[in-house]
Each structure stands twice: as C-alpha cells, then as structure tokens.
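Lettered A, B, C and D in written order, each chain numbered from 1.
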Amino acid sequence: MRKTECLAMILAGGQGSRLGALTKKIAKPAVPFGGKYRIIDFPLSNCANSGIGKVGVLTQYKPLELHNYLGTGSAWDLDRKGGGVFILPPYAREKGADWYRGTADAIYQNLNFIDLTDPEYVLILSGDHIYTMDYSWMLESHKMNKADATIGVFEVPWEEAPRFGIMNTDETGRIEEFEEKPPKPRSNLASMGIYIFTKSVLKKYLEDDAKNETSSHDFGKDIIPKMLADGLHLHSYAFDGYWKDVGTIESLWQANMDLIQEEPPFELHGDWRIYSSNPSMPPQYVGPEAKVHKSMISEGSMILGEVTNSVVFSGVRIGKGAKVMNSVILPDTVIGENAVVDYSIIAQNCEVEAGASVTGELGAIKVIAEGETVQADAKDKQVG
Amino acid sequence: MRKTECLAMILAGGQGSRLGALTKKIAKPAVPFGGKYRIIDFPLSNCANSGIGKVGVLTQYKPLELHNYLGTGSAWDLDRKGGGVFILPPYAREKGADWYRGTADAIYQNLNFIDLTDPEYVLILSGDHIYTMDYSWMLESHKMNKADATIGVFEVPWEEAPRFGIMNTDETGRIEEFEEKPPKPRSNLASMGIYIFTKSVLKKYLEDDAKNETSSHDFGKDIIPKMLADGLHLHSYAFDGYWKDVGTIESLWQANMDLIQEEPPFELHGDWRIYSSNPSMPPQYVGPEAKVHKSMISEGSMILGEVTNSVVFSGVRIGKGAKVMNSVILPDTVIGENAVVDYSIIAQNCEVEAGASVTGELGAIKVIAEGETVQADAKDKQVG
Amino acid sequence: MKTVMGLINLNEDNSLIRNLADRRAVESIPFAGRYRLIDFALSSMVNSGILNVGIMLPDEERSVLDHLRSGKDWDLARRHDGLYYLPSAKVEKEARQGDLKNFYFNLDFIEHSAQKYVLLTSGSFIYNMDFNTVLRFHQNTGADITMVYHTSQVEGTGKNVVLETAENGLVEDISEKPAIYDGSKTCMAIYLMEKNVFVDLVRSAYEHGGQDFLLDGIIRKADEYTMYACEHDGYVAHVDSEQAYYKANMDILHPDIWEELFMGQHSVYTKVLDGVPVQYKENADVKNSLIANGCIIQGEVENSILFRGVKVGKGVKIRNSIIMQKCDVRDGALIENVICDKNVLITKDKWLKGAPNYPLIVAKNMVI
Amino acid sequence: MKTVMGLINLNEDNSLIRNLADRRAVESIPFAGRYRLIDFALSSMVNSGILNVGIMLPDEERSVLDHLRSGKDWDLARRHDGLYYLPSAKVEKEARQGDLKNFYFNLDFIEHSAQKYVLLTSGSFIYNMDFNTVLRFHQNTGADITMVYHTSQVEGTGKNVVLETAENGLVEDISEKPAIYDGSKTCMAIYLMEKNVFVDLVRSAYEHGGQDFLLDGIIRKADEYTMYACEHDGYVAHVDSEQAYYKANMDILHPDIWEELFMGQHSVYTKVLDGVPVQYKENADVKNSLIANGCIIQGEVENSILFRGVKVGKGVKIRNSIIMQKCDVRDGALIENVICDKNVLITKDKWLKGAPNYPLIVAKNMVI
C-alpha cells in the first residue's frame, strides 16, 4: 500500500456543553444536522473527497457511541487498507490517563498514533464546523510554499473580526502576525481552525509545548505564536465558501435554516458528496392532507400534517393536523396529531403527544432532549 | 440488520510481562505464532467461524498498535454492518480513568459497550490460548440447558489438575462446585477461561461485584463462586481438542514446536480456517543449496541456508550456510550467512549478522527482542 | 441460517414488461422510489442471516452488475462466502432455452459451497420475509422440497403457478394456470431443499432434456419428491407485466403496506447514493406520494412516486405517475398516468397523459 | 492519480495458449505460485493510487468474476468508484470481432466517470510499475496519447507491437511485427490519454468499421494524434503462448526478479486464501524452487514452482515443473518438464515427462 502522505486528525474533544440537551447521550461530532447528516460527516466527507484515507478522531466523551456510529468507516469510503477512521479517546497509559488539556495536548497525547502512520504532513481539523473544502488544494499550496504550517483563513465582516483569531499576512499570504481576538484588527482574515503542519515541525513544537508548564496547550494561543516567534514559515490559505461554527444551539438551528432558503448559501447537491451512515429507509410518504413548504425532509418519514420552514430527519412521524414550523426534528421522533412545534429542536426518539405544543422563539430555541415525551397538558416538562 | 444474539469479549489485558522481550513494542495478543498468525487470530477466527460478528477486545496496553493490526477487521471477515472488532482500552471517563483491576472489572468497565450492542448472551474469552472451537455449539448447549452461565472445560491429566481451576459437576454436566487450584482435586475438568453468560445475569453480578470492596474482581475467584453460592444454574461444556496457554516464552516456543511434529496434535489445514492479516507476499524462494526439514516456513521468505525443526515467519532471509535449528524466527528478520541459531526465538526485524550465533537450550530459550542486531563477535549483546 | 446458501434466479420472462426491460434485466427494474426488484429477495436473504448468495446472471447482465457491484451495500462483500456472480450458460454453446442450463453449468459452485441447504428464489417478487420460518417448517415436515406460496386476494391473469395442498402443507398438485382466483395458493418461486436434492434434481432434469427448472424440475418430478408448501401471509407482488408493475408501485402508497415492507424489523437494502433530503420549495404541493431523497420540488405531485434526484419545476402537475431517477420535469409540464424511465427530460409546458389502466411509458434518456 | 481511471482489457488472443486457457480467460491463468496474470496490471494500478478500475470482461467471464469477486482483496470494494465489471458486447448482437466493440458499448461508463484521464492496459503482461511516472511523462510532453514500452533483450517470435521513437519519446512509427530483436522497443499495451481523446478515438474507429483497438484505433490513427512513448526498465514478460508462460514462471526463480517484482515498495495483491505456512516434513528436499503457502512437502522438488495447497508425497521427484493449486502428487511419482493445471491428482509411482522446450501440460482436474 502507498504510504500515507497526509494524516488527518479531527479535534472533536469538547463536551459540547453549549449544545445542552443534544449532547446528553452522544458526543458533539455525532449531533445530527441538515436532515440526514451528523456534524462529523462534513470533515470526514471532505477528507474522503480530498483523497485523505486515514483519519484520527480525538474525542473525550462517549467514544464508544461515536465508534458505533462510524463503524468501519465504510459509509465515508474510509475502510481502506492502511487507512480508516480511528477513534482516539484519552486512554490509560503506563503513567496513568490524562484528559486532553487543550487542542495541542490532544494531538501531543496521540503522537504515537502519528508516528505509527508516519505521514509527511498532518492536517488538523475541528469537529464542529459545517463546510465543504478540498484539503488537497490546501496541501498542494502548503507544499508549493514549502511552508512549515499552513492555516485555513476566512474573510469575516470587519465588525466581527474582534471575535476571531486574526492573521496579518504579507501580500504573498505569508503570516506575519497572529492576534487572538484583537480589539482593533488590522486584517479580517480569521483562522478557521484548519492547520496543515509538516509532521517533523509539528512533533518538535508539540514536544516542547508539552514540557512548558505555563502553556495552555492550544494551537491558536501557544503553538502558532511560538512558531511565528521562531521565524518559521507559516502561510495562509484562503477559503471563500460557506463555513459555519455550529457549537451552540442557536448557530446549529441557524445552520439548519440556512439549508432551506430559496437559494441556500450552501449547496449539498453538487459533485462534492457528503457521505453519511445510511439508515436503509424507504422514500418518505406524504399523506393526502399533508402540506409541506420550504422544508427539507429525509427518508423513512411519514408526513400527514403540515411542515413549514423546517428540517425533518429520517424516520419521523408527523400526525394529521400537526403543525411543525421553524423547527428541526431529529430522527425517529413522533409528532402526534394536532401537536404544534415552533422554533424548536426536538431530539431523537422523542414523542410530542397529540395536541401538545412545543414553542420557542427566535433567539430562544426550545430543545427537547433525546427520548423525552412531551405531554399535551404539561408544557413545563420541556427542558430548555 | 439482525440484532446481535451473542457478543464476544476477548480479555487481552495483561501486559504479557512473562513474554518478556516479545511484548516490548506490541500487546500480548499481537505476538506472532505459528509461522503467520498472531495469538489473537485464534479467538477472532473462532468467533468469525462460529457466526459471532461483533467482538470487543479489552486491552490495557498498546491499543493503537493492536488497532492498526486489526484494521477494519476485514481479514477475519468481521467488517460487517452492525458488527466489527472494537478495541476497548480503559479510557478516561467523567470520573477519571481506571486501570482494569481484574477480568470481571474489565468487563464491568465496558458494560456500556455491552448495553449499546444489547445481546442476549455474552461470550467471554481469553486472549492467550491457542485452540480452535465452535462457540456456536457451546451457545446451543447454553440455551438448551437454560443455564445462567456455561463454562468451557477441558480434561487435564490428574496430576496437573492442582494447577487449574477445577469444576466438580453432576452427571448432567451441571457445575456443583468450583475449586481454584485444589490440592486434592475431585475432578480433572479444568476451566478454559471461556464463559457464556446470559447478559442480564452477567450485568447484575458485575454491578454487585463492582460495589464489593473486598473482591479481586476476577471471574474465577469472585463471580463464578458467587453465582454458585446463589444457586444459579452453571453448566460445563467439555472441549477435547488441542488447547494451549501460550503465556510464557517456554509454552509459546513449545506450541510452535507442536506444529512441526510429523503428526501435529493440532491441524491447521482443516475446514476451520484461521484467518490472519495478510502481508501480500510472494511464495517463498528456496535456494539451490538450501536444506529444509521438519519446519514450517511462510510467504515472502528466502531460504538459502539450512532450516531444521523450526518455524519461520514471512519475509525472513536466511543466508547461505546459516543454520537455524529448534527455533522460531519472527517476520522480516535476517539471519546472515553462516550464522547459527538454536533453541531461540528471534523477534521481528532483527538481524543476526553473518557468522553470529544465538543459542539457547531446552528450558532456557534465547529471545532476541524486536529490532535488535546480533553481531558476530558480541554474543553478550543478546537479551535473555 | 449459516447452513443455507441463497440462489437468486434472474430469468424472469420479459415479454409482458418489455418497455421497462429494454436493455436491462426484469430484476433490475427500478421500484418504489429507490429500489430495484432484486433488492427484495436479496435483502430478505441477508436479513435472514444467509451469508453466501449466488446470483444467476441473465444474458442482460450489465444492469445487474452495475446495481449490485461488490455487494457491499448488502453487506455481502466478504472474504469468504458473500456475493457470487454465476454467469449464464451462453458461452457454453448450448442451444437449449430456459433457466435449467444455467443451474446445470453452475453446479460446481453449488456443490463446493459449505452450506447444507439451498434456498432458490426469483428476483422479481416483492416481499419482506424471514426465511428462518421456512427453514423451521422444512425441518419439521421432513420435506424433500419446501415451497412458499401466498394466497391471492384478487383475480388476475398472467402465468401463475398454483398449488393444491393438504392441511399440513403437503403439496397435492402443482400446475401453471393462465388465471388465478381469489383464494388461489400462488407459488412465490421460493424453494428450499438440501443441496444434494437440488443437485440431483437439476442434473437429472437437465440430462433428460429439460429446459425449465419449474416445469421440468419441480412439476414433472412432483411424484418423485415429498414437497410441502408453507404460506407467507405478508404483502406479495409479482412484477411480471407493466400493469403488475404499475399496480405494485401504487400499492406502496398505502401506508400500511409501506410500513410492512420497509419499516419493520428488517430493512430493505439497496445501492446507497448519498442523496440530499428532499427539498420542498415555496410552492410545493405534495399529496399521497412517495418521494425519495435527492428530489427538489417546486410544483404539485399527487398519487405518484418520485425516485431519487427528480426535479419538479414550478407550476408542474404530476398525477398517478411513476417518475424514475434523475428525471427533470420543467416548469409548467403536466404529467398524468405516466411511467418515466430514468433520466427523462420533460421540457417546459409539455403535457403527457396515459390512461389509468394503460400508463404511458417514456423510455430512458428521452427528451420530450 | 485520483484523476486517472484504469481500464483493463481482457481480450488476449488465446490461440497459442489454448491448453491453459480452456474455459478460462488468458488473464486468469495462474502464475508464479499464487497469482493470476491480471493481478499484475491491477496491483500496479492500485499501488499507483488509481481508485476507479473498469474490467473489460471477456466472453469467458466466469474465471475473472470468480477471481476478482468484490475487488476487496485489491482494496477496490468501494462505495464510490472501485471495481466495475464492463460486460463484453456479445449481447448487443454485434457480429464484428475484436475488442473495439467492447469499448464502444461501454463508453457510457467511461464518459460518466469523474476522472480526467484513462489508463488502458492489457491483463496479460507481468510487471510491477508506478503509473505516476507515466502520468508525469504524459503531462510534460503534452502528448495526446502516451504509450509504455520495454526494450527487448532477447529475440523472439509471436505478435509484437514495435515502436520507433525520437530521442524525446515522440513515436515515429508503430507496427505489428512477427518477430522482435534484441533492442526492439516493444509496446506493453499501456496507453494513457485524456478521457475525451479516448472516447473520440474509440467512437471514430468503431463507427468507421474498426474492430481492433490497437490496429484500427492506435496504428491507423498514428498521424492524427501526437503519440509519445516512455520506457519501463524493470522486468516485463508478455504471456501470450505456452512457451512464454513457462519461461516467465522460470524467470521468477531468479532471486533478483523475485525481489524486484514482489518485494519492493509495492506489493502484488491477489485473492487471499488464508493458507497455512509450508510444511516441510522429515524427507523434504527442495532446491531452487518457489513454494506457496498451504503446501505439504515430503519429497524432492527442484527448479519448480508449487502453487498453494500442493501435496508432495514421499519419494516424489518434481523437476523443472509448474504444479498448480491443490494438485496432489502421491508417493513415488516422478514429474519433469510438466505443467499441471489446478487440482490434478498424480497417483502413486506415475512418471510424467515433457521436453525442456515443450512442457507436457496436464489439464485441470485430471487423475493420472
């Protein structure tokens, strides 16, 4: 088999506590998105489509549930000889187990995985962004520039720049300075949290960083500034498609709503396929009295009521007379007859009983946690 | 997909310190055996051939190296939808990471993996035994007897019985008493460390055992005696083929030698295939001056010297005039011209230089650790 | 079921379904929005735990190879056992017609398989069943050959094999009839027997000049073997004509049949295409229809089945129709009682209308 | 190489190798102890990073389907791309001979693939090469079509395509010759071009009555396209006759050729059988031979190749022979200059002897 040229490592570590009830039973990367996907489908599909066949997924929480979802990686065509998807939780070692203390530490703790694979380059990705990107072009640019590290950047509106890590570059794109959340930004190129490192450089800096007691072990805060200070060649790689952080309930809801615009800012129908584990369900059935507008609905659903401005996952039942508006209904949930759901995210395997209602509002999306039942007379059972 | 009826859990936990230099870089289950296999190929192939498609491998050490070896499980035909091989190291949880404190604790710590799979029965296997067995018959017997647990037993010579865990059974095979290493055994049926439990029973006993501060968390010492004391139905299942514990250097060497007897006690050529990860190497080349007798040699080797009474793995080079006797040569090792190897196990990627010699003796097999070089004039560099 | 090998016989007579089976095997005709006919027999085998399946390829093998490929989507891309393609006997320079020669020239494979039983099915029946029931029935009756039938609830014409059985299932008569009546025990072309019985049957029937497995193997030899039949009481359709095809598709619009076939314990597998969920736009108006992923809908759809990746433009009306994969129905078109094969383009404002009992069929890749 | 699709043309003329190609394609003849001829082209493609490979099936497709199956052993059982079987055009009721019609009736598949380039190879050449070199050469020269040749070091007969090129590789002449000389630039039937060039070439050649890709597509059109040729300087053999087959097998007994073909950076993949390591018993005496896993040896073997699962009894002498899979040579037999096809049983004390330049060939499944 060919040697792995570029190994991808997806940082899917956070507990996802900002996603509240949605991450009670599953790790953040496994949170459903867009009618049939999970968040991690995006970086995994990007890897597969970019020709990167070996991917490590670093997660602290619920690694087995994630492993169960990813299986052999065949859904993403990653079940290759010498490739595959590897779940990398912090595991017990000779000297005991450590939590990942930061993004850099997570990679550091898995240096032996990187060494086993022995790639020339390491691509580091974040597990909570929705976007499609061909990493092979970024790798090409990294090689052409003979860079030590290449950082994916993204033009943000000037007024939002102070919320991001901002790269100041020269006219060739070489990074001269990195400012974390600058009050007065000199550029609007924000870091996307996508890095390609030449492996030998990465290894040295991670090892040095691990010895540094005062470091917060973070790529943005520690590793990148240190490399710049040492005069290494760091290059930017500009990306200009749709890119969205879905780390909060509101942003996750908004990203779902983005998909059902008349002209979505983000095209799923193109050649760049997003793969996902397939539930083997039949085409959806839309009943004689159903009304469906401005929505996205997946396989195996039975829609007998009204759905407007919503995203409905596979295996969902929406009863007669029910109204679902401005909401996201995750797989296998049942919305009973005449129930009303508005500005809400209803997680998997829930039941909103006949006549019940779940209503949030813009800026305060209601969330029903996995497996809950919402009764008609007990709105107070809902969890925020 | 069909629900998993029986989930297998392989206890591959020990550091394998009794295998000394052979487990320096790899976990015990990955130690090579029999010319092309690894120890874990035997329980994995038994599972695949018995129709058990989902297997957890519990290991404390070097889980990634093992994961790399097992890949997607396709070599054992275990890369199935809803199945597969899952490496289960003790990983960090909400309340920190624990080492597996005993065989029962290892399973206890992975109860959530068992719950995710939700099998009716759990088959618990040991990772350091060489044997072929159809577990589906044992499962059939477990179901027919409506047993709570079924334990694989094996008739040992009476004089050896005091070294084993001994089952005293009634005439139907029901276990009445379990004695760990009895000085005066009343039966010669020894436990093979193969258990089938009805899942609900297992879960209850593991949970109780975990709460017991005085328990050593071992199946043989704690769980089984407790079940017997509670009057549960424990049945024995007798096995009468070849069965060998390869937990020590001497027993590993002996099990290799067993394969090259004129009539091996253990037949690898039958219908019960032992699968192994395949190195994609050509047929071995045996040179014009080679002499090979009473030996087993695998693909990709080039034999120019003499090999007698030995097991030679894939990709090995044996130079002109070299003599290899009563030895086991692991993959990709080079034995230089006119070198002599006798009563030794030479690990992977070693080089015994031209003219060097490595000689052990019966009962004191020499072991050369992975990647070492043995020079002609420095016999003292060898490690025991 | 690891003791049973599956064989799917792709040899359905295409004379009554020619417009849909032009350059494809009957068994690879698209069905119910995302499947091919063969998916039903194959998925039932996989779900029953059968690990070794031989596909008796028809002469028109291209469509079958292209659909099943490695067998991976049915979990049959295995190192040992899994999916095997058994080519038809055409290269054996054999002039005889019928399917028997295909079995005869593949006996090798069947004899060398590790399983004790052979389960032979057709690839043109729609059902979702657990063959373990059939195996248990077979073992309990001690039959040489076990067949599966369903009880017809409607009258119909077409070639049908009808059984008469004793109360315990013993087959007393088996014959091909030109018509069936309400209550007929209609054979589903599912046969279970020990491998050696199968091999003997095929060898003896072929070597005595037989051509057809059913006629020369089963019916002619009904006296030589003890045959039992067990009933399958779920939904069954046999797609052997264009009318039967249209009717079976429309059946799926009954939510109870949709539930039974697809949403029970056992899924029906098919080639995975990774389509996007259906996008309903502002003016979409869909009633009593089956819509597959990848569709984008801006118009009206009623009593119809839309396969994967169909585009429905603004102002379009589609009624009582079956629109296959990747068809593109442009703004203002009206379509009623039509079957559009794959990849048809209906340009702006075109009208197409068939009769309810005689749907208009538009061939693959046409531009209207 | 993800921009390149592979096509392997299984259409080798079997007239000079008929005894080994009876009921099997030339490309599925067993070779070098555990391989089939096709493994070499296919493994080179996989190792070069080609992810989408079409197999142009011959009429005798059974042996090919049975060897490659899902493509899993070559890592080609993929959800997207991977291994595709392209049936030969026989069912198209096309009377023309030659391979061109097979390309023509599969142009669909080729046009719809996502890759920019087509790499077409034969399945009957033995080599282990990295096609990335060819792609770089193609891109650097700006050729329409790039071919690969090797420089013959021996004289020989048989159909050979010989090139004359300028120093920079520009093809100045290309012709089929009845004999080659030391130093001839012999075409390896490897062609790289952009997909649209391939499609145009095939379409135009076929629609103007052509039959053979090489003669009617390449040679006749040598003036219309800019063709370049690059040299492969590793080991090459073309197995187009029984003599060539025997010689190529014996070549593998040179340790340097064995090393180069099999033990370099890139492996050669084949169907995995999970055989046991070779068992050498008390009286085994093996010299200058290639022995595959699964063999059990109790006798003498010299200058020979033993395929997987061969049993050599006591007192047996095997010299200068090729013994294929699962042959069983019983005690006391003597075998010299023989090619035993699969599964032959040589009973006790039998003697079989061919001439060094005319090996005796024993057909599959024979009992001697």
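The working rule: contacts are C-beta pairs under 8 Å (C-beta built on N, C-alpha and C of every residue); 3 or more make two chains touch, one makes a residue touch a chain.
The model shown is predicted, which means the values in this text are computed figures rather than measured ones.
S.K.: Between B-D and B-C, name the chain pair that shares the greater number of C-beta pairs in contact.
M.R.: When B-C is set beside B-D, the one with more contacts is B-D.
S.K.: State the chain with the largest centre-to-centre distance from chain C, centres being mean CA positions.
M.R.: Of all the other chains, the one whose centre lies farthest from chain C is B.
S.K.: For chain A versus chain B, what separation do you get between their C-alpha means, in angstrom?
M.R.: Here the centre of chain B sits 40 Å away from the centre of chain A.
S.K.: What whole-Å value do you get for the distance between chain B and chain C if each is reduced to the mean of its CA atoms?
M.R.: 46
S.K.: Mind pulling the chain B residues that touch 2 or more other chains?
M.R.: Residues 74-75, 81, 273, 275 of chain B each touch two or more of the other chains.
S.K.: Mind pulling the residue numbers of chain D that touch at least two other chains?
M.R.: 72, 78-79, 267, 272
S.K.: Considering the complex alone, what residue numbers of chain C touch chain B?
M.R.: By the definition above, chain C touches chain B via 2, 47, 49, 75, 78-80, 114, 266-267.
S.K.: Note which residues of chain A are touching chain D in the complex, please.
M.R.: Residue positions touching the partner: 1-2, 51, 74-75, 77, 80-81, 271, 273, 275.
S.K.: Which residues of chain A touch chain B once you look at their complex with the stated criterion?
M.R.: Going by the criterion above, the answer is residues 60, 63-65, 67-68, 71-74, 79, 81, 84, 86, 88-92, 96-99, 112-113, 116.
S.K.: Report the residues of chain C in contact with chain A in the complex, numbered from low to high.
M.R.: Touch residues, chain C against chain A: 32-34, 72, 252-253, 255, 258, 261-263, 267-270, 272, 274, 276-294, 296, 305-307.
S.K.: In the complex of these two chains, what residues of chain A are touching chain C?
M.R.: Residues in contact with chain C: 34-36, 74-75, 260, 262, 268-269, 273-276, 278-300, 302, 307, 311-313, 315.
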